[in-house]
Amino acid sequence: MDLQSLYQAIILDHYRDPHHAGLREPYEAEVHHVNPTCGDEVTLRVHLVDGTVSDISYDAEGCSISQASTSVLAELLIGKPVDEAMTVHETFVELMQGRGQVEPDEDVLEDGVAFAGVAKFPARVKCALLGWMAWKDATAQAVVDARG
Amino acid sequence: MTGVSLQAPAARVDIDIEKIRADFPILDRVMAGGHPLVYLDSANTSQKPRQVIDAMTTHYEQFNANVGRAVHQLGDASTAAYERARVKVADFIGAADPAEVIFTKNASEALNLVANTLAWGSGDYAVRAGDQVVITEMEHHSNIVPWQLLTERTGATLRWFGITDEGRLDLSQIDSLINERTKVVSVVWVSNMLGTVNPVAEIARRAHEVGALVVVDASQAVPQLPVDVASLGADLVAFTGHKMVGPTGIGALWGRTEVLNALPPFLGGGSMIETVAMAGSTWAPLPAKFEAGTPPIAEAIGLGAAVDYLSAIGMDRVAAHEQAITAYALERLGDIDGLTILGPSEPVDRGGAISFEIAGVHPHDVSQVLDSLGVAVRAGHHCAKPAHRRFGVQSSTRASFYVYTTTADVDALVDGLDQAKRFFQVG
Amino acid sequence: MTGVSLQAPAARVDIDIEKIRADFPILDRVMAGGHPLVYLDSANTSQKPRQVIDAMTTHYEQFNANVGRAVHQLGDASTAAYERARVKVADFIGAADPAEVIFTKNASEALNLVANTLAWGSGDYAVRAGDQVVITEMEHHSNIVPWQLLTERTGATLRWFGITDEGRLDLSQIDSLINERTKVVSVVWVSNMLGTVNPVAEIARRAHEVGALVVVDASQAVPQLPVDVASLGADLVAFTGHKMVGPTGIGALWGRTEVLNALPPFLGGGSMIETVAMAGSTWAPLPAKFEAGTPPIAEAIGLGAAVDYLSAIGMDRVAAHEQAITAYALERLGDIDGLTILGPSEPVDRGGAISFEIAGVHPHDVSQVLDSLGVAVRAGHHCAKPAHRRFGVQSSTRASFYVYTTTADVDALVDGLDQAKRFFQVG
Amino acid sequence: MDLQSLYQAIILDHYRDPHHAGLREPYEAEVHHVNPTCGDEVTLRVHLVDGTVSDISYDAEGCSISQASTSVLAELLIGKPVDEAMTVHETFVELMQGRGQVEPDEDVLEDGVAFAGVAKFPARVKCALLGWMAWKDATAQAVVDARG
C-alpha cells in the first residue's frame, strides 16, 4: 500500500489549512451530508449569483481526505459558472470512481488531480466525494428554488 | 413440444451433461446398498458445483472480513466481492441497477420483507383495512402465510385465483378478482408442485390497470428460465440461492427503485442507517436500507459464482434441457399404470417439477422404496397444501430435475416406481 | 488484573496459540508491501478455522439436501446435521432445550424478530401505546433501530441508560428508568465499542420486578465468555455466528420456552406451519415456528463446528486469553502520547475491543497507515453512533482481539500507531 | 436401506387391515393431529370408563407406517387401565426415539415391536408416532375433563 500515492502533499496541505472553511451568509441552499460508514459529516452552503458559484462555505468534520477534497472543491468551483462547475464535478466523480484507471485532467481539476491516488482505495472514495456530493445536492436545490 | 422422442434429450439441447455432472462432487456418492445417487429433488434444493463451493472456501481462507465498514485490505476485498456478486445477480435477472437487488436469507424472507413493509408503510403502498390482496391457490406456503399475516393484521382481505383441473390458473374471473380495491397481486411464476408456468405478464397488466403492486415468487423460475425483470411487468421479484446451484442462507428481492424507495425499512440495525441518534434515525440509500446487520457475505459470493456457472452454460440451454428432460419424464411416467400426474401433463408452459400419485401406495412409501434404490424424490405436500387440497389429496410424490439430470436418472425413477408397486402389491 | 506483566500473556493462560493460529488459513496471508496480516478487527467479524470451513465443504460435497422435508438418505443426513448443530449451540449457551434456539441470519434479525413479534403480539407481551421500552446509550445500532421502529409504530416510548465518563452504564436512575410501564429492557452484554461488560443480572432483576421482558444482545459476549443463559436472568438472548469463528449468514435467538410460545410468528412460510389453508394457517411448535423457509443449513452446520472448536479450547481459556491480551493492549496503548481510550481503561469487566482516539489524526487516517503495514483495525463509529456522540467524537479507531491474537499483534499495532503519528506529524 | 426391516409383515398387515378403525361414540375427547412435514392426519377419540381405556376410535389418512402404528395402538391399549396404557405409550415412544439402539420389549409392546426397524429411519419416526401422540393428547384431555 503506497501511502504517498494516497496522501499527496497537496492533500495534506489542504487538510492542514482548508480553504474557504466556515459557514457564511448569504446562501440559497444548505445541506448536511453524512458518510454512513464512518460518520464523517459536512454542512455545506452555496451562494449563486447570476448563474455563477459565488460562494461555497462549509463546516466539515472528517478525515484528511474528506477535509482536503472539500477544500479543493471550494477552491476550484467558487467563481465558476454553474454549468462549468458541474462539468468539473463530473470529471472529479469520474476520476474517483475509475478504480485508478482514469487519467486525471489537470486543466480541469487543478489541485484535484492530487486525488487520483484515492481512486485506488475503494474505502476512501466515499470520503473524497462527501463534500462534492453535498455541493451538487445543494446547488440543485438552489437552482430549483431560483426557478420555482 | 409433445411427442418428444425417448432418445437422449441431453444431446438434443446441446448441453454437455457429463461435463456438468463432473462439477458436482455429490453426484459421485454411493448410497446405502451400493446404489449410485439419483438426485431428483432439485426443486427442493439443488446440488452445488465445485466452483460455488470453492468460491466460498477461497473467500474464507483469503479475504474474509466484514463488508462496507472496514478501511483495510481484507475489508476492501470482501466488500468488492460482495458488491460484485450483487452486480452479477442484477445482470443475471436483467435489473436496471444493482441497487435494486436486496440480499436476503432466502425467498421467504424476501416475500415477508414485502408483506411487512406494506403493513408498516404509509402512502400509496400501504395496505389498510378494506384493501384486497390477491394470490393464487397454487402458491408455496411462503407466498401464502405472509399475506395471511398481513391481511389479518391490517384488516385487509385475502383473495385468490383457483386452479383448473389441468393445473393451470383459472383466470376467468380476473377482472373481478383484481379490482379497484386490490393493492397487491402476488403470484408464483413457476409452481414448485404442479410445475405450471403462469402468465405473469398478463396478470401484471391487469394488476397495473387498477394500480396494484405486482409481486412475483420466482423461486423456481430464476433457476430454470432466462429472466428479464425489466420486461416481466412485476414490481418486486423474490428468489432463493439454494435452488440455483448456490449456497443456503442467501436469497434476493429485486424491486423497482421507486417502489423500494417508497417502502419503509424492514429490519433495523447496522449498515441500513444513514445516521442514528437515540431520538431517531435515518436510512441509508438502496440497497443498504434493506440489509440490516452483517449480510450473508460468503453466501452472496457463492451465489455470484452460481450465477457465473449458470451463465457459462447459458440460461437458454438450461431451460431447454429442463424442458427436454421434463418431456421425457412426463412421457415415461404417463406409461405407468395407476400413476396420476398432478399438474399439466404436457410439457408446455411447464417447469421441471412433476408431482404424482400412485393408486394404493402412499407417497411416503413410494419415496421410501425409491430411496432404498438411491433415488431421492420428495414426498409430502411440498409446502403447497392448498394446491394438494384442490386436487383432493393430502400429499404426493415429486420428482424434479436440473442441469445435471439425465434420462438415465428418469429411467431409474421409473424402475423404482415399478418396484414400489410390486412391494406394495398394487397394479 | 491491573499491572499485568508485558511478557507473553498467552503462556500464562494455558492456550496453545501457535497451534490455534495454524488452524486459520487466512493468518498466513501476506498483505501488500510484504507485510504479514495482523488482524485486529475480530469484533467486526472473526476469522474462520479450517475445521469450520471443512464442515461446510463436506456438507455440500456429500450430504447437501433440504431439511425437515425429505424422506431420503441425504435429507435424513442433512436434517440430522442441522439439528445436531442446534443441540451443540444449545449446550454451548446452557439452554434447557434445543427447541429454545432459533436460527436466524444474524444477531440483527434475532433482535428484529423480538421487536416485531412484540408489535404484533397480543396478551402480556404486546407493546402498546403508553408502554415503555428501555435500552442503553451504548447499544449497537442493531439493538437501537428495531426498538425505535417498534416504539414509533406502536406509540410506545423509548428510554435509555446513559454512560458514565468511564464508559460504564449509569445505573443511578435504574428504579425510575425501569418502572411499572416498562414492557421491555434490552441491553448489550459486552459493548462492541467501549468493551464494557454490563451487569446484566442486576438489570434483569430490576426488570423482572416490574414484569418487563429482558432481552440481551450477546453478540460480543457469546464469542468471548462462558455463557449460561439459564442463570443469566434474561428472557431472550441474541448472538451471531460470524463473530465466534462461525460462518456468515447465521445467528441465533435463544428464548425461554414460555416466552417464545407466547409470541406470534415473525416470518411466515414453509416449515413454520402446522397446516395451511387459504382461509388461515396454524403454526408448528418451536423452534420451527420461527424458522420460515429453507434455513441457513450449511451455515448452521458451520456454526456447530465453530462451537465445537471453541469448546475444544474451552471457553474459560478463551475468556482468560481475551482478558490477558486486552490487559496487555491497554497497558501498551496507555503509554502512547495523545492516545485516549474510549471506555474502561482497566481490564476489569471488560471485553476485548478497545476504541481510541489519537489527537490530531483522524481514525480513517490512522487505520490507513496501519493498513499499509498489514495491520487491520476498524475506523468509524462501529455501528455505535450514540456512544460516540456521548464522548463528543464522531468516530474512533478500534482494535479487537480473539483466540488467535498474540502480543506480537499488539506490538505491531503500537509500532503502527507511532508511524501514523510520525506520518501526520503529531506528537 | 433394508426395506424389510422397516416394512415388517406385521406392519403391512395392520396397514391393509387396520384394527378398530373408524370414529365411534361415546367418547370424552377427540383430537386432530397433523404431521406438518407431510400432511398426514389423524382424528382420534378416546372413551375412558372407570380409569380404563374402553375405546380408541380413529379416522387416519397417511402412509403405511402411520396407519399401521395407529392400528397397533388401538389393539394394544383398548382394555388397559390408563396408567398401564401410559407406560406402554412411553415404552413405544422410547423405542421410536432410540435411533435403533433400544431393544424392544415384546411383553409390553406385542405387535408394536415390529416398529423397532422404523427407529432407524428418522424421517419415518414422526409417522409412527402420529397416532400415539394424538392418543396421549386426547387421553390427557379426557382425564382433565373427568376431574374438572
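Per-chain residue numbering starts at 1, and chain names A, B, C and D are given in the order in which the chains are listed.
Just so it is clear, a contact is a pair of C-beta atoms (placed from the backbone, for glycine too) under 8 Å apart; a residue touches a chain by one contact, two chains touch by 3 or more.
Computed from a predicted model, the values in this text were never measured in an experiment.
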Pick the pair with more C-beta contacts: A-C or A-B?
A-C
Tell me which chain's centre, taken as the mean of its C-alpha atoms, is farthest from chain C.
D
Provide the C-alpha centroid distance between chain A and chain D, rounded to the nearest whole angstrom.
76
Whole-Å distance, chain A centre to chain C centre, using C-alpha means?
37
Averaged-CA centre spacing for the pair chain B and chain A, given as whole angstrom:
45
Chain B to chain C, mean C-alpha position gap in Å, rounds to 32
Check each residue of chain D and list the ones that touch at least two other chains.
1, 37-39, 121, 124
Multi-chain contact residues (two or more partners), chain C:
31-32, 69-73, 75, 273, 275, 364, 368, 371, 379-380, 385
Chain D partner, complex, touching residues on chain B are 31-33, 362-365, 368-369, 371-372, 379-381, 385, 388, 394-395, 423-424
List of chain D residues in touch with chain B within their complex:
1-3, 6-7, 37-41, 61-65, 121, 124, 127
Help me check something: in the complex, which residues belonging to chain C touch chain D?
68-73, 75-76, 79-80, 273-275, 284, 288
For the chain A and chain B complex, residues of the former touching the latter
1, 34, 36-39, 121-124
Help me check something: in the complex, which residues belonging to chain B touch chain C?
25-26, 29, 31-32, 37, 39, 41, 44-45, 47-48, 52-53, 56-57, 60-66, 69-75, 105-109, 111-112, 115-116, 120, 137, 140-146, 148-149, 153, 158, 160, 240, 242, 247-251, 265-273, 275-278, 280-281, 292-299, 364, 367-368, 370-371, 375-380, 383, 385-386, 389
